[in-house]
Amino acid sequence: MCRWLAYTGTPMLLDNILYKPQHSLIDQSLHSRMGVETTNGDGFGIGWYSPGLETPGIIRDTGPAWNNRNLREIAHHVTSPTFFAHVRASTGTAIQQTNCHPFRVGRWLWMHNGAITDFHRLRRDLSLAIDPALFSRLEGSTDSEVMFLLALSLGLDQEAPAAVARMVGLVEEVGHRHGVEFPMQMTVATTDGHRLWAFRYSSEGRSRSLFYSSRVKSLEELHPDLWWLHDVSPSTRLIVSEPLGDLPDAWHEMPESTYGVVQPGRDELLPFTPLPCDPRESLV
Amino acid sequence: MCRWLAYTGTPMLLDNILYKPQHSLIDQSLHSRMGVETTNGDGFGIGWYSPGLETPGIIRDTGPAWNNRNLREIAHHVTSPTFFAHVRASTGTAIQQTNCHPFRVGRWLWMHNGAITDFHRLRRDLSLAIDPALFSRLEGSTDSEVMFLLALSLGLDQEAPAAVARMVGLVEEVGHRHGVEFPMQMTVATTDGHRLWAFRYSSEGRSRSLFYSSRVKSLEELHPDLWWLHDVSPSTRLIVSEPLGDLPDAWHEMPESTYGVVQPGRDELLPFTPLPCDPRESLV
Amino acid sequence: MCRWLAYTGTPMLLDNILYKPQHSLIDQSLHSRMGVETTNGDGFGIGWYSPGLETPGIIRDTGPAWNNRNLREIAHHVTSPTFFAHVRASTGTAIQQTNCHPFRVGRWLWMHNGAITDFHRLRRDLSLAIDPALFSRLEGSTDSEVMFLLALSLGLDQEAPAAVARMVGLVEEVGHRHGVEFPMQMTVATTDGHRLWAFRYSSEGRSRSLFYSSRVKSLEELHPDLWWLHDVSPSTRLIVSEPLGDLPDAWHEMPESTYGVVQPGRDELLPFTPLPCDPRESLV
Amino acid sequence: MCRWLAYTGTPMLLDNILYKPQHSLIDQSLHSRMGVETTNGDGFGIGWYSPGLETPGIIRDTGPAWNNRNLREIAHHVTSPTFFAHVRASTGTAIQQTNCHPFRVGRWLWMHNGAITDFHRLRRDLSLAIDPALFSRLEGSTDSEVMFLLALSLGLDQEAPAAVARMVGLVEEVGHRHGVEFPMQMTVATTDGHRLWAFRYSSEGRSRSLFYSSRVKSLEELHPDLWWLHDVSPSTRLIVSEPLGDLPDAWHEMPESTYGVVQPGRDELLPFTPLPCDPRESLV
């Protein structure tokens, strides 16, 4: 469906990560290798944090990433310790900025690869489960935006993994009620600028690919084209829909039904299980 | 907010109506005289019926109409007996095709100038009142699209004026419940390709301007720049947010709280009164 | 580089040709099989003739064809006896409407797949060889537009094949002077709305693919998905960068260094040879 | 035609200058007071220098500045000591990024308000006078881009004011040869990131407006809405097509036929006179 990349660690020029690697995200927009779609040309977006600002910036546009000059300019001039990037392959939903990832509410960013099965049938019930105070934040028509607003409604700001687990539980509950066997297929990244979470999960247990670089040092050794990684701290992390080059050894595949936390101190890789969440009760 | 134009009658090259008049809708996109905003540069759209096709075509784009070459090309090449055109001035809502008018569902077109007051506060309740079968048709974030889907939910296809009256009643009921004194401000046009209805109404009784040409013949006499009107049938009608030239005598202002029906046989101008419609019961 | 399609014959709804075939041009924009690039997502265009109008209409846009709703709407509503369609893969040139094909001057349309080798080095000399009266028609930065204006400067309106042959001769002469061994690689279609010419040529003798349907009847028999071909006249022709489906037998490959003329009466397939043309003398 | 703004001095968040003033450039895009056109909605651009990079970044887009969310995001996150911003009103030239200002070659930025009279008639001769090594840098179709490439051809990098004077001399020479009485109308800003030059000149002696803030301190006193000016250095300068608020006293109008230099040390305001420049000899 889509391809995405999350970076956090030593402040980095976006260009080094977005354009320089051999099989960069920009290259994936044109020639994805592991995606359901080989072309991710239905829009793109980046979100990044600047020193001293709580709210991240987001740039989103509706054309392909590979030919966008403004994206290239920004990537050449913006350095950030934490940023997201996403290239979109629509499955029919409108091509518009508000359907492009990452989504932002306050200091939070959210991006997604995957789909809620038969979303058009579940959309009303899921939309109604959004906190009424957040409902008017809906600007587009994607499942991804609804998932984000649901996670926020269910406590993303307090305890992110539990909120995402409740969101998935809610989607599965609503899906099953409508006769959808496997409602959720997702790899999701979210961050508040301080910690970053990445989730790999699908109701069917056959999730889209997701990889992380546990030791950037090893990446540097294996990717001579990634020379700028020489100076990054050991705690710097990259999480990607598919590896940025031909050296799969440099990357670890995130296991099915897990999530990772990247945070000051020790990173963690933990099992992910949806939490029961009945939409009829969720907002009482 | 916006400016629009509705044409029905003798099949007409769109260019003659959209570009040729001295103060055409395209000119109004740059220099509106009677609008709340002088510039209507936040997108545009046209909808038109082709012989033998039930479903009208729609073209919508996010840039200004005045500099759009594709619109000019289409206008030079498409002839239609019934068409809508709209230029948009956003009040903050996203600039995207799915927020541009006209909206279409099946054979129906809908366009709007005005606003639901404090729509962000009423949006959730109004969205919930949309027929669940139509909910997934929501693609954008405007009040206008919600008004259309509500009107369809409330019987637009059976009895258009009553459905619009119920839609307005529902918006006013929801608005009052949220403490909004004057919830509705609208001039709306809608058509199924056979009959065309235009509504002028506001809760406050101070509606946006709306004009109609009762006798095209008189338009032709007064507008030497509208020579192509020479051959149109007497029953041809134009309804516009503001006159297409400096001759206000050629146009009749539609009175407050009225609606007009343009149809084979006799056109009608009738009073418009909202009908009570409780959203909690509307879909039972 | 690009993919294109030219149709002429029985008036046809664009949708039948652009969208309905299994491997339509729209599908080729996402998944080209025979192109140098598999993705042709850097803009698109159509040009079509309407009854009673000398000047064709053109619609061009900068996003991918595969997700463009306006193109789909136009294709559903426009019927034409002669039309061109093109999907673009840029090799670095700016993504802008004026770099999209087809190009139009007066009643002429022109579209191209291929490239002038090292165009940036030859561009000035080639631009200077354009008839000064046509120079200000340059709006973009492609080799294709320069080729068109050169062909017009060299008599396209009088004798199309000779003008194209002189244009190629001029490009080769200028190229060789700059040390470019094989300056031209092209498949070109051009029409004045009455006759249509398609050229396949490259200096190296290894031209991009080009196919034509000599007998539409055979297409219909082989392509059950092309049922609408049942009613077309025997003289209807399709010329395409690559076949519209899996039945290569339904198509004839145009030989190297040939051009075809589709015209009332008898179509012709003839050898194509560049004509000497010295830019220093061409405009004396 | 257009409106522009140049800033240089204490590193500044773009937002403070582009959005915060009462009659900011963004407001001028919708409601220009002193421009030939009241609406400047045909595209926009910014160019800015980042510490440690010779080459400035540029962001340009084809829609109006007033509704562009990406511009707002960048303005909220980018701080720069020297930046340009421009809002465009086209007079018929194509709406495309490559016609938007500022233009960039290497470390140079260039932006323009005005026009070469009858440019379509002079364009070929002027284009031929561009240094052949720079000819392939032409991407759009504006007079402004040609003026920039001519200035570069005539020594902008060595002695900017003399190069601009020769460029104007050349345009006037070519114009007069074609019977154009007053060929040039311009306010131009250009910078290499170290020094900044602004020119006000027209062949007729009736140039477009141009203002500068000689002492930012006075601006701060007069504009309570410009509080962030409190901390800027005394040498900080703003040059604008029209004042950013209702206090014309805070601004000095640049006199006819002058240019200003903003540079480390002492700024200067000097007379501007075109220098003779025959295109037939200019590149010998």
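As written, the chains take the letters A, B, C and D, and residue 1 is the first residue of each chain.
One rule holds for everything that comes next: a residue touches a chain if its C-beta (ideal position, glycine included) is under 8 Å from a C-beta of that chain, and two chains touch if they have at least 3 such contacts.
These numbers come from a predicted model, not from an experiment.
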| item | value |
| --- | --- |
| Any chain in contact with chain A as well as chain D | B, C |
| Chain copies touching (chain B, chain C) - same or different residues, decided at half shared | same |
| Mean-CA-position distance for chain C and chain A (Å) | 41 |
| Sites on chain B at which at least two other chains make contact | 69, 94-95, 97 |
| Contact graph of the chains (line, ring, star, complete, other) | complete |
| Complex contacts: residues of chain C adjacent to chain A | 30-31, 38-39, 41-42, 62-64, 67-69, 90, 94-95 |
| Chain A partner contacts - residues on chain B that touch it in the complex | 94-98, 120-121, 123-124, 127-128, 132, 135-136, 138-141 |
| Touching residues (chain side chain A, partner chain D) in the complex | 48, 50, 53, 55, 57-61, 69-70, 73-74, 76-78, 97 |
